[in-house]
Every structure is written in C-alpha cells, then in structure tokens.
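Just below sit the structures, each encoded as structure tokens.
Shared chain: chain A. Partners: chain B in the first complex, chain C in the second.
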Partner chain A sequence: MNNTYDVIIIGGGATGAGIARDCSLRGIKALLLERSDIATGATGRNHGLLHSGARYAVTDHESAEECIRENMILRKIAAHCVEETDGLFITLPEDGLDYQAIFVESCNKAGIRTEILDPDEAKRLEPSVNPDLIGAVRVPDGAVDPFRLTSSNILDAKAHGAEVRTYTEVMELIREQNRIIGVQAYDHRAKEERKFYARVVVNAGGIWGHGIAAKAGITVNMLPAKGALLIFGHRVNKMVLNRCRKPADADILVPGDTISLIGTTSSKIPYDQIDNMIITPEEVDILLREGEKLSPQLAYTRILRAYAGVRPLVASDDDPSGRTVSRGIVLLDHAQRDGMEGFITITGGKLMTYRLMAEWATDLICKKLGVNEVCRTAEIPLPGSVESEKEVERKMHGKPIAQKRSSIARHGALATEIDSRDSIKNSLVCECEEVSIGEVEYAMKNLSVNNLVDLRRRTRIGMGTCQGELCACRAAGLMGKRSPVCAKKAKEDIVSFLNERWKGMAPIAWGDTLRESEYTTWVYESVCGLSDETEKTSMP
Partner chain B sequence: MKFDTVIIGGGLAGMACGIRIAEAGRSCAIVSQGQSAIHFSSGSFDLLGRMPDGREVTDPIAGITELEQTSQEHPYAVMGAERCLKYAQRVPELLRTSGISVLGDCRKNHYRVTPMGRSKATWLTIDGYLTEQEPGKLPFEKVCIVNVEGFLDFYPEFIAEEFRKYGVACCFETINFPDLEHIRKNPSEMRSANVARVFDHEKNLDALADKIRKVVPECDAVIVPAIIGINRNDSLGLLKSKIDIPLYLLPTLPPSIPGIKAQQTLQQCFRALGGEYFLGDTVRSADLENGRVKQVYTVNHGNIPFEADHFVLATGSFFSEGLVATPDRIVEPVFGADTVYASSRTEWYTLRFFDKQNYQAFGVKTDSALHVVKEGSSIDNLYCAGAGLVGFHPVQEGCGAGISLLSALYVADQILNSK
Partner chain C sequence: MNIQQNTVSENNFEQCIKCTICTVYCPVAAVNPDYPGPKQAGPDGERLRLKRPDFFDSALKYCMNCKRCEVACPSNVRIGDIIQSARIKYGPKRNTSLRNYVLANTDLVGSLATPFAPIVNTAVALKPVRFMMDKVMAIDHRRIFPKYAHGTFTSWYKKHAAEAQAAFPKQVSYFHGCYVNYNNPQLGKDLIRIMNAAGYGVRLLDKEKCCGVALISNGLYNQAKRQAETNLASIRTAVNENDLDVIATSSTCTFTIRDEYPHLLSLKNDDVRDRVELATRYLYRLIQSGKVSFKFKEAEPIRVAYHTPCHMEKMGWSYYSIELLRMIPGVEVIVLDSQCCGIAGTYGFKKENYRTSQDVGEPLFRQIEASGADLVATDCETCKWQIEMSTTKPCENPLTIFASRLA
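What follows is the complex of A and B.
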C-alpha cells in the first residue's frame, strides 16, 4: 500500500474538508484522517447560521468583514447548502434603541447591507417575531447546512484525488529530529494501526487540535467554550432572528430545513470534558427563556433535542493567562513558532470562514511544498451546486414531488444520481424527512456511510419530529441486507443510534418527548427485543 | 347518560375490565381516545419475564410471590400473589371467549420470537405465531423467511442472523404482485396495515401460497410477517390449507396486525355483551361530590355528563396521555389524581437509552384496592387499572400486558362485588 502523500490533514470538520478540497484542486496529493465521522465536532454542533457578519460588526470588525465576504462566496459555490432567508436584528423594549444606531453604522463600515424596518414591517416579514419589538434591522443572514457543506467538500476533494479515511484516529505524530514526517493512526473499523507519511501534516482538529499539537510537544493554548442549543420540532421562523444588542446567551434563532434552532449558551469547560457534553437543566432554561423573547411561540413549540458543541477559542501567545482570546482565524506555522518543521495548525475561526481558513492553510502548505498554484475554491462551485435548482428539478421531472424537493435540498444536483426508477426505490424509509430507499442506497454507496448516525448526517434520516422512531430500524434493515456481517453490525448500530438520540432528548424529556421515548422503548426493547450489550463503563 | 360503570380508556385494561362487567349484566361504557399500547403488540401477552433486578423468570407466579416480599409497591405485590394467580388463570378463557385464541401457562413462560429474531419470555401467544419452549429451540432446521418486496418493517436478515446461531439454515424469498404496486404509488403506504388489506383478497393469498410451494423442497417451514388477516378471520387458516408445510407468523414493527386485530375482537365482544364503546372521545373533566366521582365530561359530548356508580381510570401511561410530564411534575389529567414520581427531573432517567428508566415506573397513587388517591384520600368509586399504575417497569420486567389484564380483572371483581 502506498502510504506517502504530499500532505496529511488531521480532522474531518469543515476546515479539514475544505483544506482537502483546496489542496486537491491545486494538485497536491492529500490524505484526510478523521477519528469519527465527518462533521462530528464543532462543525456539526452549531446553529448552521450563514452569518452576515452583523453579529460581530460592533465588537470585531475583522470577523465581520470576513463573514460577509465568505457569506457571498458560499451563496455562489455552495448554493445547495445555503438558504437565503435574510435575518432580523430586533430591538426589544428592555434593550433600548441606542445600540441600533451603532450597529447599523458598524455593519455599513464592514460592507454588510442593512435596512432599518419599522416594527410593523418586521412583523409582516416575520410573523413569529416578538410583537413587542421596537425596532428591527434586516441583514443578509441565512442558514447553512454544515453536514452538507462538509460532505460536498469531501466529495469534491475525492473527485480530485484526495483520500479520505474516517474512523481513523491519529495516535502519534511521527517525528524525525525537528520535523514531523507522518502520523501513526488507528483504524477503528479494521482495528489496526497504520502509518502514513507526508511532507506536511496539518492539524485541523478544532478543539481537539490542542491534544494533537501536544503529541508534537507543542502547546497551543485552547480554551474550550461549550455552547448549548435546542432544536424545535418545526420551522417557527422564516428569517434568522437576532437580538440587536451586545452578543449574549441564546439570542439567535435560526430556521433550517424543517426545524428551528435556538442558541447558544457559552461556558468555559475543562479540556478533559470536551468529549463529554452534558446539557444541564439550567442551560435548557436559559435557552427557553431567552428564545421566547425572540419568538414567544417557542413556549408552545415542541423541542426535539438539546445538544452542545465546543468552540476552539485560542489564547493569544503573548497572554499565557488565557484572558485575551480571539475568535479570528489562527494559523500557526510550527516551524517558525516552535522550530518544528512540516507541521502546521489551523484553528479558531468559525464555520462561516472555513473556506478562508482552508485557503490560508493551503497557501502555507503550497509554500512549504514549493507549489505555485492559486486558490480557486471561491470560484468553483461545490458538487451539488454546479447546476441551478431549477435545472435539477427539470431533470427529475416525474418523480414524487415532496421527495424530489427534499432530496434536491439535501444533495443539490447530485439528487439526479438517486435511483428512483420504480416505486420500490421511491418507498419512504423516513416519513418525517421524506427519505426514500433510493436515497439511503445512494448515501450508503457514495457518501461513505458506516453506521446509522453517519446516515443521519448524510440524509437527515431520523432528524424529524419522531427522531428516528421507526426509520432507524428500517434503515438498519437496509444496511443489514448487504451481508450477514452487516446484519449483526446493523443491529448493534440501532442501539448506538438510540443512545445517541436519547442523549439529545433526555435534557428535554417531558411532554411529547417523553411520550415518544416511552413508545420507542416499547418498540425497540419490547417488540424487537433489543438490548444494550455495550459495557456500562463506556459511557458517562 | 347513566351507567353502572364508566371506564376511561379502551386499551387492554379498559377492555378486559369492561368485558367482565358487561358479562355480569351491568351497564358499562368505555370511552376510548383510540390509540393504546395494544397497537404495537407483539402477538403475545407477557406476565413476568424478569425480576426488577434483571433475573430471568421461568415461573411468573413464583416470581410474583417473590415480588410480594421484595417490591411492595409493585402492582402484583399490591394485588397479592394469590389473586394474581386466580386472575391469571381466568385470562386465557376470557381471551378465547372473546375470540382471541391463545396458548400459554402462567406457571411457565415460553418464548416469543421478535421481528429481529430475538427470543423473549412471554405468557400467552396468539395462535399462528412462532414460539419456542426454550430460547433458540426452534421447530425447524431449514426455514424460508418470506417478505413482501419493499416492506421495511420486517427484517429477514436480522432474523436469520439469530436463527443461524442455533444451527438453523435460512433462505429468503420476496413476493410482489400488482395489488402491491398499487399501494406503493404513495411512497409512505408500504406499512403493515395496508399490506395486510391486500392479503385479505384470496387471489393474493393464492399468489403467496404459490411462492411458498415453490420453495418447499428446500425447507421444512416458512415464516411470513404478520400481515395476514386484518379484516377477515379465516385468512391464516386459508393460507395454511393451501400449503403443506408448517407456516409461522412473526410480528412486524407497528402498526401491529395482531394488536389491531385483538383490539377489534375485544371491542366487538364488549359490544356484543351490551357494552357501549365511545371511540375517538376523550374524557376531559370530572365532578367529585363527597369524595366520590359523580360524573365525567367528554370532548364529543360537551356538557352531557357520563354518570355512573363506578369509574375506572384505565388511561395508560405517557404514550396514551394517561400521564403527562411537565418539566417538573407528572400529572394525571382527568381527575388530578396524586402521582408518584421523583421530584428532580435529573432523576427521571439516565443517559443510556436501554437502562431501566425511573420515569417508566411513575404512576397514579392508589390504595391496596387500587382506588385512586387524590389529595391524600382514596376515592372509593374510582379505580385505576393498567399502565397508569405506579411501581413497575413494563418493558424491562416484561409485565405490561399482565399488569393490565390482572389489575382490570381485580378492579372488575371489586365493582361486581359491591352493592
């Protein structure tokens, strides 16, 4: 096996995927290693907000400018991952209108289009908004699907020659004097150690990058900041809703696909807790209390799940106390910083700037490799966004309408590759999200799906109101069809899927959520007779 | 409207209680909002499969005798082992006379086979379903598992994976024909109840029988999903008469045909006995007078009250909304009965889905005669039966159906013995 590459990228979040794409478009042979599935870290655990930058306009001019630039680029290159909803920054009586003037001025300075609306106009545009508002500013916020975005980057990277290995965890960095020459990784599926070599190793591990750098004896001082969010069972708002005040807890409500999301709280957590995200009742309370101020109907809307991500905030090198943090992009050339050749870290930043982060990192990789190619990721559309939605719809003429819409929304132009030749392929596996047998098979074949949770990320299966009540079983059935080994694994898979789902439901398990859970217990444990055979100690 | 007894809830408990009361010639009404746990029945009724500490139970009555000593809150312990035995012995007869033919013994569990091929201890199984005397002791060596093309709620590969562990050879066959194409036109229609309607037509049963006959040379039995006979009673017999090897049914994911069928059968039996069944109605409030329930009001009947001498709360637990969880309490919505639950929400569950979750044992407070308790006092003409009772884990202990049936008969006896 050839195990030598130009570059090894550690981390399959948006940034890592973006670097893999950028490198392969520039003719650099890249290997991406991800210890779990793609988009499982902070990438998949945020609002899915296509920031206009307005939120940062007053406090962080540089971030605001980056955001609006990337916002406009993503609308072009990742159209199928983006919903152009626009956003409102609303002023409530308790906020006062003073902030609005500074806000508008700062937005304009950063190049963010604003439109001041009177409250009635705002209510007309967004009927779910708190009717007590005293002011509103319209900005080009939107929604972006982080799973889809990452997956498209991976698809394109692979199409241009990159190799992507999920469930492959970097255990050691292989070092030769003052140079990193490769990595030693553990393949969780094959259950074996493997070594890979490259001239440059990129640490794109997000908050986990702290630990990866430590393997080279290098300190990147990261401060894990936990942010909790709640997902609501239907789409409450059409436009993104923000509070027009200094950024605070739970003041963004984002619509996305069939749901709405409120977030986030922000609390520093110890580094050893980053893999152990438990949502507290207090966090749920804050999210609901503040969320209802944006849109009072949240009080009556069913909550689907609670979850939390960890932002990788980086302490400035010149402030060891960690009090000065930057939300901006941090690119570290460890050759310069620490005298360690062949190793770079890209971190900080945010989902919005993943492409720019990838561009910076790839520029540095090129410099180290002596490659003289320019970045083209801002111009070349991602797979799925090559054709317009209209064009794709035309090609899929005659398919069931609802399914056609949801599959185009999920896969863009690639929806045409989903087998829909007969009624069996069109049968629904998941009714809430309209996922067909054809789509499940397409994802299993083309989108490196290893288990049900992976499948959920690719297709939204089990993400609707019922949270995978029956469709998990159906999808497992389809996965189990592939071979007897698959049948055994698929059964175990249902158990981990249900555990994963329950982790998000437990913090909000009352009302209908508790009803669904009782029903799910009956179906899986009583009717099907499944049980959890995994060690009790493997989970908190 | 005036009745001797009004039963709120038309699940297994409400129905069993209603049949006993109507049988005795008393006027009885059941108000049912329509859905209950019976709709996802496995084709079997469990009495006691495991002790609260997880030990497997072979003799449910012996297990109940032990519960009497160790788990005094458990409904079986509240009723007492002697009564439980008495009522358990009556149940098969009650089901059979209603039209549900079952086999099983309350002194010895047998095993049902799940849609995933696992074995689960159980008490009574409806005729036609595959059972085992010991886990894995299957009545065939080579079996063909037949499924309907594109039917996703039944898992031949999962079943085979378990069967092969016991040395049983498995092969698969799928069946498809024009009437199935018809229901597939709507992509969300391939569910058990719709498929079962297709098999109510004899020509489609014939097609299935043809298919089975073709595979017979290689196998000594066939398994088909429980999608036979939703609106007619003779389908399974008819199908069996067309083939000459043993055929066994296995349950599917919900909706459960044996469940729907059992529900319909019990309901018809109750009506035939003169009972009044109000389907699709919900009791929303009650009038209490001198510590007794005087009458209840329903959504459909507005201000026309249902008066009765006795009332039975058989509304079930969370799924059927007999219990409602708010962020900080568990509420019984009809009477505002006292409920038993942990006060801090973090104690309601653990983060592992398959753990024994405390919330599943929450329920309505009763006295030892199963009178509902409100504000600390028993209401002597209001009883609670079934899943709304406190102190048991229906799924982990495999006792949901047993609690429903036994508590229903206990309550019915008390009503019949009064006045």
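What follows is the complex of A and C.
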C-alpha cells in the first residue's frame, strides 16, 4: 500500500475539506484523515448562517470584510449549498435606535450593502418578525448548509486525486528530530493501526486541534466556548433575523432548509468536556426567551431538537492569561513559531471563511513544498453548483415535484444522477424530508456513507419532524441490501442512530415532540424489540 | 424553566406524530398511486410549502375532501383542511376549465336546467350527448347525470306552501340546498310533511345560495366566500332575530356551513353554528325529549341498508339517521360498513377521476348487492347518485322513507 503523500490534513470539517480540495486543484497529493465522519465538529454544529459580515461590522472590521467577500464567493461557487434569503437587523424598543446608525456606517465601511427599512416594510417582507420593532436594516445574510458544503468539497477533492479516510483517528504524530514526517492513525472500521507519511502535516482539527498540536509537544491555547442552539420544526421566518445591537446570546434566527434555528448561547467549558456536549435547561430557557423577541411565534412552534457546538477560539500568543481571543483566522507555521518543521495549524475563523482559511493554509503548504500554483477555489464552482436549479430541474423527469425540488436542494446538479426510473426508486425512505430510495442509493454509492448517521448528513434522513421514526428501519434495510450486514450490526446501527436523535430531543422533550418520541420508542422497542440491543450497546 | 407558553402547537399540522393512520384510511390513496396520501399531502407537505410555496404538488387535486383522514387521526390534526387550504393558498389561482365552472355552479346550472327539465334530462341521457360532454368538457361519458325537476322547490313552496306553513305555532327554518331545489323537490316536501306532523311549520331562509362546497372543491374560492356570506347573513337573521333553528336535509350542506366556512373560508360562524343541524338529528332529538311523536301506517316490511356518507362520518351523526329509520315499524335496518362511495360531489364526474371514483366505491357496491336490502338509505345526494348508478338498488334519504310511512 502506498502510504506517502505530499500533505496529510487532519480534520474533516469544512476547513479540512477545503484544504483537500484546494491542494488537489493545485496538483498536490493530499490525504485527509477524520476520526469520525465529515462535518461532525463545529462545522456541523452552528447556525448554518451565510454571514454578510454585518454581525461583526461594528466590533471586528477585518472579520466583516472577510465575511462579505466570502459570502459573495460562496453564492457563486456553492450555489446549491446557499439560500439567498437576505437578513434583517431589527431594533426593538428596549434596544434604542442609536446603535443602528453606527451599525449602518460600519457595514458600509466594510463593503456590506445595507438598506434601512421602515418597520411596516420590514413586517411586510418578514411577517414573522416581532411587530413591536422600531427599526430594521436589510443586509445580504443568507443560509448555508454545512454538510452539503463539506461533502461537495470532499467530492471535488477526490475527483482531483485526494484520498479521504473517515473514521481514521490520528493517535500520534511521527516525529523525526525537529520535523513531523507523518502520522500514526487508528482505523476504527478495520480496527487496525496505520502509518501515513507526508512532507507537510496540517492540523485542521478545530477545537480538537489543541490536542493534536499537543502530540507534537506544541501548545496552541484554545478556549472552548460552547454555543447551544434550538431547531424549530418548520420554517418560521423567510429572512435571517438578527438584533441590531451589540452581539449577545440567542439573537440570530436562521431559516435553513425546512427548519428554523435560534442561537446561540456562549459559555466557556473545560477542554476535557468538548466531546460531552450537554444542553442545560438554562440554555434552553435563554434561547426561547430571547428567540421570542425576534419572532413571537417561537413561543408556540414545536421544537425539534437542541444541540451545541464548540467554537475553536484561540488565545492570542502574546497574552499568557488567555483572555484576549481572536475570532479571526489563525494560521500557525510551527517551523517559525515552535521550530517544528513540516507541521502547520489552521484554526479560529468561521464556517463562512472556511475557503479563505483553506487558501491561506494551502498557500503555506505550497511554499513549503515549492509548488508554484495559484488558488482557484474562488472561481471554480463546487460539484453540484455548476448549473442553476432551473437547468437541473429541466433535466429531471418522473419525480413528484416536492421530491424533485428537495433532492435538487440537497445535491444541486448531481441530483440528476439519482435513479428515478420507476416508482420503487421514487418511493420515500424519509417522508418528512422527501428522501427517495434512489437518493439513498446514490448517497451510499457516491458520498462515503458508513452508517445511518452518516447517511443523515448526506441526505437529511431523520432530520424532519419525526426524527427517524419512519426512516430509520427503511434506511437500515437499504444499507443491508448494499453490503451484507449481520443482524446484530444492523440493529446496533439503528439503535445508535435513534439514540443520537433522542440526544437532541431530550433537552426539549415536551408537548408534541415528547409524544412523537414516545411513539417512536414504542415502535422500535415494543414492536421491533430493539430494547435488548439498547441495553447491550449502552454497556461500556 | 420557562417551558413554551403552549406545549401544544398552534400550528395544527405540527401535532402530527407521523403515525400514518390517516393514509391507511384514505380511500383515494388506496386506489390511486398518483395521490401521495393525506399525511404527505397534509402535514408533511405543509412543512415543505412553508419552506417554499413552489413545493405545492398539483396531485393534491386528487383529495376528495372526504375528511376520513381527520376522523382517523388520533392527534386531532385537521388534515383535510390543511390539504384544501393549501389548494386555496398555493394552487392555481384562476379556474380555467369550463367544466369545473359548470360543475361548481350548481345554482346557476340548476336555474337554467329546471325550466327545460324534460328536454335536459333526455338530452344528457343520450349517448352522443354524453360522448360530446366527455370529449369537449372531460365529463366522463359513463357517468349518469342526476335528473332535474320540472320547476324548483322554492317556486313550489311560494305558490303552494308558504301561507299554510306560516300558520303553525312552532317554526323551523330550512336550508334546502341545490339538490332539493333543482333535482328532488319531493325530499323538501317530505320534510315539510314530517315537520307538520310534529306540529312545526317550515320556513325558508330570506336568501339562500348554494352552500359552496362544489365551488370550494373546484377552486372558485371567492365566489364560495361570497355565497357563504349571504347564507350566514340569512342564517343569522333566522337564528338571532327570529330565534329559529336551521335544519338541512343534505349532510354535506350541513357540514360545509358548520365546519368548512370557518376552516376553509375563514368565516366565523360560532354564534350560529350550534343552531344549524341535520334534520334527522333534529327530529331524533325532538322525539327523544318526548316533545313529539309520530303515527305510522301499516305497510309492507322492507329491508333498508344505511350508507354513512363521509361528511356524516366526520360529524359523527349517522347514528341519528339510523335510529330514526329504526323507529319506523316494518323497516329492518342494516348498517353498511362506513366507507366512501367514491363520488365526492363533482369529483367523480370528472373524466380523470372516474376510475378512482368507481374503484373507491367498489367494496361498498359489493356489500350493497350482497346485503339483500330492498332499498339503500343515505343522507347525501351525491352518494345516492353514485349508489343508484353503480348498484341495482334504489337509494333514498331516510326522511323520504320516514315520510312515506307516516299515517
């Protein structure tokens, strides 16, 4: 087996995937290692907000400029991952209108288009907005789907020669004197250790990057900040809603695909808790209390789930107390900083700036490798974004309208590869999100799906109202059809999928959500007899 | 912890827990694979339409609006209303087809047809005419049209009944509907005979328009709303000013006025809703409370099979009609399984729905044939047409049977 590459990228979030793509487009042979599935860290655990930069305009001019630039680029290169909803920064009576003037001025300075709206006009544009608002500013915010974005980058990276290994966890960095020459990793699926070598190793592990750097004896001082969010059952708002005031808790409501998201809270947590995200009742309380101020409807809209992500905030190198954090992009060349050759860390930043982070990192990789190629990721569209939705739709026949449009939203131009020849292929696996048998088969074949949870990230299976009630067993059946799985493994997969769904429902388990999850429990435990499996798998 | 103000969502569709019982009970989903079924067309689809209105699927037109999904739903989701509302909100805004206009405007067509009833009835029964209607208007040539009466119920009433009815000390208001007015005035006369025997005079509303059910299902919402407003105004006069209950002989008219007006046309009716009911239920309650009693004549014993129309199932009122029939000496009542006959008003007249319509009704038709009944009874006029066309049995309103056996 050839295990030598030009570059090894650790971390399968948007940044890692972006670096893999950028490297491959520049002819660099890249290997991406991810301990779990793609987009499982902070990439998949945020608002999915296509920032215009307006949120940072007043406090962080540089981030604001980066955001609006990347915003415009993503609309072009990742059109199928982006929804151009626009956003409103609303002023409530308790906020006062003073901030609005500073806000608009700062936005204009950063190159962010603004439009001050009359409150009545704002209500007309966005009927769900708090009717008490006294001011509103329209900005080019939007929604971006982090799973699609990461997956498309991976697809394109692979198409240009990159190798991607998920469920492969880096255990050690292989060091030769003052140089990192490779990694020793554990393949969780094959259950074996493997070694990979490269001239440059990139640490793109987000918050986990702290631990990866530590394997090389290097300190990257990360400050884990937990952000909790709530997902509402359907779209409440058409436009992104923000408060026009200094950024605070729970002041962004984003419409994303079929749902709306309110977030976030912000609380520091100890590093050893980053794999143990628990949503507290207080966090749910804050999210609801503040969320209702953006849109009063949230008070009686069904909540699907709660979740939290960890921001990879980095303490400034020159501040030993760790209080001064940078929200900007942090690129560390450990050769310069720590005298460790062949190792770089890219962190900080935001989902919004993943491409720019990848560009910076790849520029540095090129320098180290002596490669003289320029970055083209800002011009070349991602797979799926090469044609407009209308053009794709013209090529697709035979699918019911909602199914057709849902699959185009998820896969863009690649939706045409979904088999829709007959009514069996068009039968639904996930009814809430309109995922057909053909689409599941397409995802299993092309998008590196190892289990039901991976399948969810590729297709939205189980992300709808019923949270897996109807689709889990159907999808498990299709997984088993692809490659023979023993019954025990298939059952374990369903249990882990459903338990992961329950994890998000537990913090908000009341009303219809509780009724639904009780029904799901009854179906799977009492009817299908999965309760035995639950006990076994929950044992350490 | 501040739990949401209401733990049950105000967005009715969010109460759906995807149990899918509705789809199991949907008569259309069972026979027409092009219809996605109530769960998907209703709560699931609503969520997608809220994401983007162009997720509206034109297959929603296959919904018959029978509301059996709502009866089946254990979570109180107004599935049928969600589907019909989606058609109103997201469906084609203009009703372009002449066919739909003709089918929906029962009032207009009825007024034009009744003066020439003998000619119209003969014409629409002719094969070449039916063939033409099929080709030109997409009204299925196999469908047998209901016969029009020669002269309307209201003109008869004004000439021959109004004066005598006003003389009764107790009064009730009657919403006769299009069927009695244009097709079967005899049913109206039967009701008057029964109510008179009970000591009640029957009055008509100041102004009555078609309840609008056919307009709603054919996409003519504005007209439906205008007619509903007229009807509600007349009902308010009867109830609030004259303190009269309003009874109807058609289950669908009753259901539309009581439930579809507020749910689909956004017209509040809670001030009068409880005073509008079906004549069989009204009579049953009068009898049960001991206020009235009837004398019946001796007659041949007959076996009557009662068919529960979908909207009776939804209102939960077929019990009253069945019990009323059981009070008639010499009438043996058997109750057919409650299942849709497939006609659904104007639905079954349309060429594209003919097959679905007959497939839906098939199990019912078989049960009727096997029942050994002399006569089928039902409270819905369109069920009657469908049963008479698709089986060998005659079909009548329970009140007609009741009246025919009064002493």
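The working rule: the second predicted complex is superposed on the first by the 524 of 540 C-alpha atoms of A that agree within 3 Å, B and C clash if a C-alpha of one lies under 4 Å from a C-alpha of the other, contacts with A are read in each partner's own complex, and residues count from 1 in each chain.
What we mean here is this: a residue touches a chain if its C-beta (ideal position, glycine included) is under 8 Å from a C-beta of that chain, and two chains touch if they have at least 3 such contacts.
Everything numeric here is computed off the predicted structure, so don't read it as measured data.
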Chain B versus chain C as contact partner of A:T465, first or second or both or neither: second
First, second, both or neither for A:T301, with chain B first and chain C second: second
Contacts of A:R235 with chain B and chain C, given as first, second, both or neither: second
Residue contacts on chain A - larger count, chain B or chain C: B
First (chain B), second (chain C), both or neither touched by A:A159: neither
Which of chain B and chain C A:K491 touches, first, second, both or neither: first
Partner chain in contact with A:R501 - chain B first, chain C second, else both or neither: first
Touched partner set for A:C432, first chain B, second chain C, both or neither: second
Which superposed partner A:R405 touches (first chain B, second chain C, both, neither): second
Chain B versus chain C as contact partner of A:M171, first or second or both or neither: neither
Common interface residues of chain A - those touching chain B in one complex and chain C in the other: 281, 400, 423, 428, 431, 470, 510-511, 515, 519
Chain A residues touching chain B - in the complex, by the definition given at the top: 278, 281, 400, 403, 423-424, 426-429, 431, 436-437, 470, 473-474, 476-478, 480-481, 484, 486-488, 490-491, 495, 498-499, 501-503, 506, 509-511, 514-515, 517-523, 525-532, 536, 539-540
Of all residues in chain A, those that touch chain C in their complex: 233-235, 257-258, 281-282, 284-285, 288-289, 298-303, 400-402, 405-406, 423, 428, 431-432, 434, 464-466, 469-470, 510-512, 515-516, 519
In the complex with chain A, residue positions of chain B that touch it: 37, 40-42, 114-116, 118-120, 149-150, 152-153, 155, 157-158, 160-161, 164, 181, 184-185, 187-188, 190, 251, 253-254, 256, 317-319, 321, 324-327, 345-346, 348-349, 351-355, 357, 359-360, 394-396, 398, 400
In the complex, chain C residues that touch chain A: 1-11, 14-20, 33, 36, 39-40, 43-48, 50-52, 54-59, 75
